[in-house]
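Shared chain: subunit A. Partners: subunit B in the first complex, subunit C in the second.
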Partner chain A sequence: MTKEQLQTAITEKLGDKMTLLDTGRHDLMYEVKRENLLEVCKTLKDDESLAFDYYLNSHGVDTKEKFEVVYNLASIIHKTRIDFKVILPYDSAEIESVQTIWPGANWFEREMWELYGINVLNHDNLTRFLLADDWDKGFPMRKDWDAPGFIRMPEL
Partner chain B sequence: MGIIKKLPVYAEKVPGGGIVTTSLEMVLNQARARSLWYLLFGTACCAIELMCTGASRYDFDRLGMIFRATPRQSDVILTAGTITTKMAPRLRRLYDQMSEPRYVIAMGGCTINGGPFYYDSYSVEKGIDHIIPVDIHIPGCPPRPESLLEGCLHLQEKIKKEKLSDWQEK
Partner chain C sequence: MGGLKTEEFIVNMGPQHPSTHGVCRLMLTMDGEIVKKIEPVIGYLHRALEKICENRTYAQCIPISDRFEYVTAMSCNQVFSMAAERLAGIEIPERAEYIRVIMLELNRIASHLIFYGVTAMDIGALTPFLYGLREREAIIDLFEMTCGQRLTYNYIRPGGVSKDLPKEFVPQCRSTIAMIKEKLNDYEGLLNENPIWLARTKGVGYLDPKLAIAYGVSGPVLRASGVDYDIRRDDPYSIYDRFDWKVCTRPNGDTYDRYLIRLDEIKQSIKIIEQALDGLPEGNIKAKVSPNFKPPAGENYARVENSRGELGTYMQSTGEKKPLRVKMRGGSFCQLQALPHFGTECFIADLVAIFASLDIILPEVDR
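Now for the complex of A and B:
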């Protein structure tokens, strides 16, 4: 399936819930509203013309004004890939877990919660696993994060 | 008696008999300096250079240095690689499990002051000096096997200069 065919299929199935941001060099980048996330994910996985059965990656982004949660999916059957992001406001960084749809999302969401402080709702095991056991210094991947002993690179 | 001919400064043969006189300090120091078994503690890319040093081209064994996988059998801990804040208590624990006398070789920039992770890092220790006492620092990112061998030779020199009275104080 080519990128154009995928774009047509998405417009047909999820045109009202996914906004195209960028056609990009490789993958299509869409935006999804937070309240539509689970519905969109279910359709992306279960619909036979899309069939995104492989959860590649997901990560948090801090742009200083808002958080973004980016999902990278792949379809092994159609040999296609797609990216989409959910934009979260800084003061209510909460998102639904997608691990009921792709179980592989479990650790990615834990990591996001641990390093960015993005609260993942309905996650079955939201515990620390990357930072030190007695960590109490907040969320280190946030742009405004600071702690004693943390040395910022001087401006050159 | 070949060894006596090689060590005229340290050992003396009593004429007419099979007796050699020397000092206990010298014998123990020589023995310990030439059988430094090291605890493998490779946490990052420095460990690759450590493996290279242990392999046939550079051959760590000729210094009497053989790797051990347990602190109970080790004389020296060779910290090769980045030490994170999460790893620091584990490193301290392994060091505490080693029996005296024990030595520490800090290999590479990360173990000296954080190295490439000095800036903008929330998880890397800025040197291991404040976790365990370091005897030899080997700079480099990572150091070449020649540097590591030279560091080990410096440690041997240090051991050979030790006094019996120093051990009792420890």
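Now for the complex of A and C:
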């Protein structure tokens, strides 16, 4: 399946819920509203013409104004790739877990919860993951967090 | 034995355990000798590589990517450079693409040779380890003569590669792969039909293809379960579409198949290298790229097939000389996540074999 065919299929099935962004440099990049997330994910996985059954990666991004949660998916049958993101405001950073659709999302969401402080709803195991068990120094991947004693490299 | 009281108990395997290939701790719930539940505990090697990358320019990130997955550091350099090149729209010279493919495949062979050695050693055969590392040494010599480094190369950079091949590289590379091709017969002779090896690996740790896909398992482990998926063919990058080679699969999904598929892949890599050496063109090895280049705002996820599965890098730029976000995705992360779902109901000694056959490397999991 080519990229154009995929784009047509997405417009047909999920045109009102997924907005194409022009920031993607290689694969298609969409934006999904938070309230539509689970519905979109179900269709992406179960619809035969899309069949995104292979969960590659997901992670948070802090842009200093808002959080983004990016999902990277692939389809093994159609050999296609797609990315989409959900934008979250700073003051209500929470998102539904997608682990009922792709079980592999479990650890990725756990990492996001720990490093960004994005609350993942309906996740079965939100416990300390990469950081020390007694960590209480905040969310290290946020842009306003610097390690204690960290000295920024001088600008070149 | 009616009056005998039994209870489940917990055993810690690791973090300092010779067969966990780094510092991974598996909390095992045991019923006698049988593993009932596995809970991986990770994070011992967390070095915040992604956070460090946010404070560096794109070119300065490349040495950091070496530390991400040091057994195949070339792939990390490649995926990192690919993500940056796509952001900035950099075209790579023809010769650099060929050199990259040669280096990536040599690195894959070196990594599979380590796999061959350490897996056999974990299961109790010492000789394969000596064989595997002896041949790997010849490949490492090739890297050392090209870029001066033996483990963390910093060789593939945005725009091309850092140094041209020395003139003795091509003949020495040809003789090295011819030697490895010959030695593969020894490898197969040592283990393929060895009764102890068969008893320890055949039918052990069956991984269902559906489960593998659901948990994002990739690379040789996925293909050993019969799923015909290889990024080099299915989402082609660099110049892999020019070569004649085939994707190897094995149908059974057990530890023995996961071992065999690595030997199959070494043969295919040799085929690719031979063709790349024949077609190696003259010319530039690096496009003109400013050291502090500023890609336009945008984002993308680049992926390559390395010896442990899918290696991905997501990169987001805001138009500055430093990336806004870098995320590294390693195959081991998903393999380890899937382990508790198929590695149970076996002896603890079998778990060592299963863990070894996944070829997990911990720096890639913890980052």
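Convention: the second predicted complex is superposed on the first by the 142 of 156 C-alpha atoms of A that agree within 3 Å, B and C clash if a C-alpha of one lies under 4 Å from a C-alpha of the other, contacts with A are read in each partner's own complex, and residues count from 1 in each chain.
To be clear about the criterion, a contact is a pair of C-beta atoms (placed from the backbone, for glycine too) under 8 Å apart; a residue touches a chain by one contact, two chains touch by 3 or more.
Model, not experiment: these values are computed from the prediction.
Peer 1: Which chain, subunit B or subunit C, ends up touching more residues of subunit A in the combined arrangement?
Peer 2: C
Peer 1: So in the superposed three-chain picture, is A:M153 touching just subunit B, just subunit C, both, or none of them (first/second/both/neither)?
Peer 2: Both subunit B and subunit C are touched by A:M153.
Peer 1: Quick check for you: in the superposed arrangement, does A:P140 touch first (subunit B), second (subunit C), both or neither?
Peer 2: Touch partners of A:P140: subunit B and subunit C.
Peer 1: Please work out whether A:D53 is in contact with subunit B alone, subunit C alone, both, or neither, and reply first, second, both or neither.
Peer 2: Second partner only, subunit C.
Peer 1: Examine A:L121 and indicate which partner it touches, taking first as subunit B and second as subunit C; both and neither are also allowed.
Peer 2: It touches nothing on subunit B or subunit C.
Peer 1: Once chain A of both complexes is superposed, is A:L131 in touch with subunit B (first), subunit C (second), both, or neither?
Peer 2: both
Peer 1: Can you pull the subunit A residues that subunit B and subunit C both touch?
Peer 2: 131-132, 140, 147, 152-153
Peer 1: Which residues of subunit A touch subunit C once you look at their complex with the stated criterion?
Peer 2: Per the touch definition, subunit A meets subunit C at residues 23-27, 29, 53-57, 59, 61-63, 70, 72, 74, 76, 79, 81, 83, 102-104, 106-107, 128-132, 140-141, 147, 152-153, 156.
Peer 1: In the complex of these two chains, what residues of subunit C are touching subunit A?
Peer 2: Within the complex, subunit C contacts subunit A at residues 42-43, 46, 48, 50-51, 55-57, 86-87, 89, 213-216, 227, 229, 234-235, 292, 297-303, 310, 312, 314, 316, 318, 324-325, 327, 329, 333-334, 337-338, 366-367.
Peer 1: For subunit B, which residues count as touching subunit A in their complex?
Peer 2: Within the complex, subunit B contacts subunit A at residues 84-86, 118-123, 126.
Peer 1: Report the residues of subunit A in contact with subunit B in the complex, numbered from low to high.
Peer 2: Answer in residue numbers: 131-133, 137, 140, 145, 147, 149-154.
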